[in-house]
Amino acid sequence: MEEKVLSTEKKAGMLELIGKFGLTPLGAAALLTISVLPFIFRDEFVTRLLVATLMYGALAMAFDFTSGYINICNFGFCAFWGLGAYTSAIVAIRLGVSPWVGMLCGGVMSAIVGFGLGLLTIRLGGIFASCMTWFVALAMMAVTYNWVSLTKGSAGLNVPALFDTVQNAPYYYVMLAIMLLVYFVLMRITKSNMGMAFRAIGQDIEAASSSGVNPTKYKVVNFTISCAIAGLIGGFYAHFIGILTPQALGTAKTVEIMAISYIGGRGTIWGGLACAMIMVPLMEYSKGLMELRLVLYGALMIAVMIFYPKGLVGLWEAVTAFLRRSNKIWKPFRKIFSKNGAI
Amino acid sequence: MRKLSKQKMAKSILVLVLLLSMAGMMLSGCSGNDAAKSATAAAEGDKAPEAAETPKVCKVGVIGPYTGPAARSGEEIKNGILMAFEAINYKVGDYNIEFVWIDSESDAEKAARAYEQAIVKDKIDVGFMDWHSWVSVSCMDISAKYQIPHFFSFGAGDTINEKIKGDYEKYKYWVGKAWPTSSLLTQAYVETVTKAIDSKAWTPRNMKCAIYGVDNDWGRNFGAAIGKQFKDAGWTIADEAWVGLGETDFYPLLTKLKKEDVSLIAGTMSDPSSVAAFIKQTREVGLKSLIICDGLGWVGEWYGLCGTASDYVLDQIPQWTTAEAKKFKDDYTKKYGYEPGPSTAGMGYDWANFFIKVMNLTLEQYGDLSTESFRKVAEEHVIPGKVSYTGGIIHQEYKYTPESFPDPVVDQDHYIFPVIQYFEGQGKMVWPDAWKDQDIKIPDFAK
Amino acid sequence: MGEFGDILVTAVLRGGIYALMALGLSLVFGVMNIANFAHGEFYMLGAYFAYFSFTTFKLGVIPSVLIAALLAFAVGVIVERGLFYPLRKRSKKNWLMNTFLLTLGVSIILQNGAKLMWGSRYRGVTSYFGGTISVGTMQIPNDRIFAFAVACIAIAIFVLFLNKTKLGRAIRSVSMDETGASLVGVNLNMIHTLTFGLSCMLAALAGACLLPLTPAFPVMGINPLYKSWFVLILVGMGNLGASIVGGLIVGLLETISYFQFGAGWQDVISLAVIIVILLVKPNGIFGKKGVKSAAE
Amino acid sequence: MKVLVLLETQNACKRFGGLKAVNNVSIKVEQGQIYGLIGPNGAGKTTFLNIISGTYTPEEGKVFFNGKDVTGIKPFKVCHEGMARTYQIVRSFPNMTALENVLVGGIFGGKMSRHEARKKALEYLEFVGFPLSPDTFAYELNTMQLKRLEMARALSTNCKLLLLDEVAAGLTPGELNDITVLIRKMRDDMGITIIIVEHLMKLIMSVCDHIAVLYFGEKLAEGTPMEITEHEDVIKAYLGENYNL
């Protein structure tokens, strides 16, 4: 609203500045709203729900960074999330360092293993690469189950909390910070030359290679970044929830993230976040439906895949395009909903 | 043209569905919020005068895995609890009891979220029950945060003890485990076997024993406990084997055990399909060992799954012994169409009755069923063991003491699972002596 | 015989069923280019159908198994007609990924639908035939022999069908070259529907045969699904003959690691072996570069 | 005047299983030439091209480019050396705009800054006669437009040598003319050496300076178009049935 007051020149300047961070004014406004949500609701449950929402959103973005760009569906994604969580927890417990350092360690550990995974999938493409990631993840989960002396196996590992306070708000802001970091980093990368390389090898690896793109390098870099993010968020999760079981590394979690990311829209980064904002609360509020809820969830997934493979982002684009074409009222807002920006 | 319009239609339908669902979500979110607000307003604004006229309500939040892989256990516990409260017509004194079913989905994070929702939105006064250890651990933090007393949860893992012992003041609101740590119960098997050997009922050909189990917290804890106890009793542990949840092919495992020629195998599995397959296959392979299989009879339909292969198997399971127990079983079967498991539905029923007793006591002592009163009754009566429940259909007496807490008191007069031996689908108690139906029988192949 | 014999017998019994499952998965991938994630759910349906025909309607073993297979075929046809067909009509873009997610959705719906309909109760039978026969030092129950025999017969009939009948040849031709096949007059839609139905039928057959071993419950399909994916990736996609060998290899691999390292590490070992094989032979052991190769 | 040999292969061999797809092929391509590779289907033309561009590593033999041994190095490195290629079945990045497609070549192949690459890309798109807006997505294009796009992408890698694989496949006679003009223009205006693989004689004969004939993996003959049309073996083996001039 305030932007109306500003002079047009200044407005353009502001817009440019915001745009540099990969945001449209609408996105910036949404961000502002998100960041004050806990104060609006003043409700512990809503805050906790928002923490989960942001976490799923950030994970979906990191997932999309691989699947939507280099076109390899990392079917073992959550194993890296779990790996980060376990690393962070174990470092914090064994070495007694602060959970913050633990979180970083989680990110680093996942990055290292993600680097290895990238190397493993060099020669593979499509569904074979996905299966490779899946098998690696299953193996990691099996190790977590069996390395009882370190992980306590399936009995579960008690993890120290990040804050002494019992409020959810601090966690919310940590998660928000992580989410923003993830968003900006991924936006930055995908808009850079590197992002172009990712898209090129994702769309046609041979053509990319013959145009001078080193597929191995970019594949590995992509996996490393995406897994590092998963690990960092995993570290946060461990200290947020306080207990870890090897199920965290399981396929079921990956499927959840994958569904969110795909329903959101592939190759967009922000689609996953937007979808998480809708789906996670939706699933929470429809808990009363029990199994029917999951049946509907499956049906939604199928419907999106058949009728709207571009996902929510495609829907959004269609809506804005429609408005742009048809409505004069739209005109003054055109700049705000600029096409190049993200949200 | 037609195709195009069809496509458009499909798109617009999808848009509509999405928009509707979004709207629905917002509405439910907002209304939930409104309800919460009005509830607070009611709580703050008009206290005493109106309360007398409107019936008083006590909201109980019950955690359980109502959907997801462990839904079966969740369902049975829920039914057991409902039957207990039906008997009192959902009324304690002038309070109406209302339930909020908190679905844990077998996931720590989702459970914690749902629990917090129940506390903040649905304003539960008190919490009750739970199934998985890891869910208990994550929910403990929530109950500590709001100081909502949470009574009797089935999560048996040591992680819970660890946490409570680590900071008793903080976590004392997690009032007791409904299922003790494995090691407290497994001793019974060792005693049974030792007695059989002492009385020359069984002369095992060697003192070798193998431990097996499902690869989760329950199986591992159980295996570790019983393994140690058998070792202390003079056995050597020849092998340990853990199998994935849901595994139904045990040929490799059993062939291996057969080769090692152990005279006793002991372990547990938590899902009926695995248990049944395991027992059937021991016979098929021709394993010459006495089998301890904890949890074989957890679900009612077990005998239909494994048949006479279960003869001679030792299990530690409460039985439908008393007349009340049998009546409960029949009522349950009639109502829900399948036979209840004693340790899920049966114990759910008992603990619910204990909880009703606690509620009555709370009302008596403190005049209301508020969170604050529950807190007091937990600290002053339940944990010190001043109140106990003796009318149960499964156990003699449900009781805590400061020493045992958070585990219930486990011994022959309180909470104990009898050791039983199966013959044609019927469990015959062989331990403890007080309840004994018959002596332990050793199959020919294990002699 | 000795230990080696035991391992072999166990491996063959396990592997036969894996092969049956993998065959269906491989067929769908080869012909329709769909990475089916709902394959395990058809295994689950097979078990349920067999249970109901065997216990509720008191049909014999063989009719029950056959009915289960036929019903699953019908469900498969419905799923194909209702979901994949419209998607194919709409767009073939990004087909593999879209259909993969589609099957995920199908899997979620079938799993939870089964729970909604039949509850989470375990429905199983003690045994089909009862009794055992001894093979070497082992006692093998007749039910397992029966399951293995059904697997063998089904695979044999299926291979004959693919090679000797007109319809079977049409299916194979579609798997090799879709455009070519449609040029010579093969009805692609019909073949796709038939293929998916057949694949579901094979999975259901496995589920129905193993009912005495694994009772029917909603999430029972997960393990068999994993295993059949192992097989498929190990030997290469869309390679029908090889998936039979692959089933046996995975069976052997698991049995050996089971014996050598204990049950807990079984998955780690067999996964590690598969990962290594994939590294050396990215298209699977018997995979060929070219049509439907690893480099998608 | 000293003639510079830009590309040379020495006894290149490639087998698939027992089949010798390319056997002992040696060619020399001079700077500024338009070099034609012809042969019937299955003669090993595309395989040979893949050996040159680094997609395949030859079992025996060497490939020298610009005096450097490039045998078996990765395609992207070959590209950095200054060799670009197009594909028989056009390869593009369907979900990128035409401009972005060309940018990939400029940034990663030509190692230009984004700004510079953009400027160049627009130039090249115009040069190849790309008829639509640079913001058009590649999946919207038809075959001819894609071919032009592919050539622009190849050019933007700053190549000295351009490999064109069956550039005429799927084009109408009119489009074929345009392509012929374009190929000449690339050599004449930009000084790019070109190797064309083709089985369409009309195109080859009209643009090539020098032609080599592959037949079942072996080099059957080479020479100027005139020499080739008169070569006995070639006529017997190839042109005998399919002479298409």
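Note that the chains are named A, B, C and D in the order they appear, and that numbering of residues resets to 1 at the start of each chain.
The working rule: contacts are C-beta pairs under 8 Å (C-beta built on N, C-alpha and C of every residue); 3 or more make two chains touch, one makes a residue touch a chain.
Not measured: the values here are computed from a predicted model.
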{"item": "Chain D and chain A - chains in contact with each", "value": "none"}
{"item": "Most distant chain from chain D by Cα centroid", "value": "B"}
{"item": "Distance from the mean Cα position of chain D to that of chain C, given in whole angstrom", "value": "46"}
{"item": "Between chain A and chain C, centroid-to-centroid distance (C-alpha), Å", "value": "33"}
{"item": "Centroid spacing, where centroids are CA-atom means, of chain B and chain C in whole angstrom", "value": "35"}
{"item": "Between chain B and chain D, centroid-to-centroid distance (C-alpha), Å", "value": "71"}
{"item": "Two or more partner chains touched - positions in chain C", "value": "90, 93, 112, 115, 264, 267"}
{"item": "Two or more partner chains touched - positions in chain A", "value": "145-146, 206, 290-291, 294, 307"}
{"item": "Per-residue overlap in chain B, given as positions that touch at least 2 other chains", "value": "67, 215, 242"}
{"item": "In contact (per the touch rule at the top): chain pairs", "value": "A-B, A-C, A-D, B-C"}
{"item": "Residues of chain B defined as touching chain A within the complex", "value": "10-11, 14-15, 17-18, 21-22, 25, 28-29, 32-33, 36, 66-67, 103, 106-109, 112-114, 116-117, 119-121, 133-134, 137-138, 141, 144-145, 157-159, 162-163, 215-217, 219-221, 242"}
{"item": "Chain C-touching residues of chain B, taken from the complex the two chains share", "value": "7, 67, 69, 71-72, 75, 215, 239-244, 246-249, 251-253, 255-256, 259, 272-273, 276-277, 280, 284-286, 299, 301, 304-307, 338"}
{"item": "Parts of chain D lying in touch with chain A, wherever the complex brings them together", "value": "53, 55, 74-76, 78-80, 84-85, 87, 91-96, 100, 103-105, 107-111, 114, 153-154, 157"}
{"item": "Chain C residues touching chain B - in the complex, by the definition given at the top", "value": "3, 6-7, 10, 13-14, 90, 112, 115, 119-127, 132, 138-141, 144, 210, 212-215, 217, 219-220, 222-223, 254-255, 258-259, 262-264, 266-267"}
{"item": "Of all residues in chain A, those that touch chain D in their complex", "value": "193, 196-197, 199-200, 203-204, 206-215, 267"}
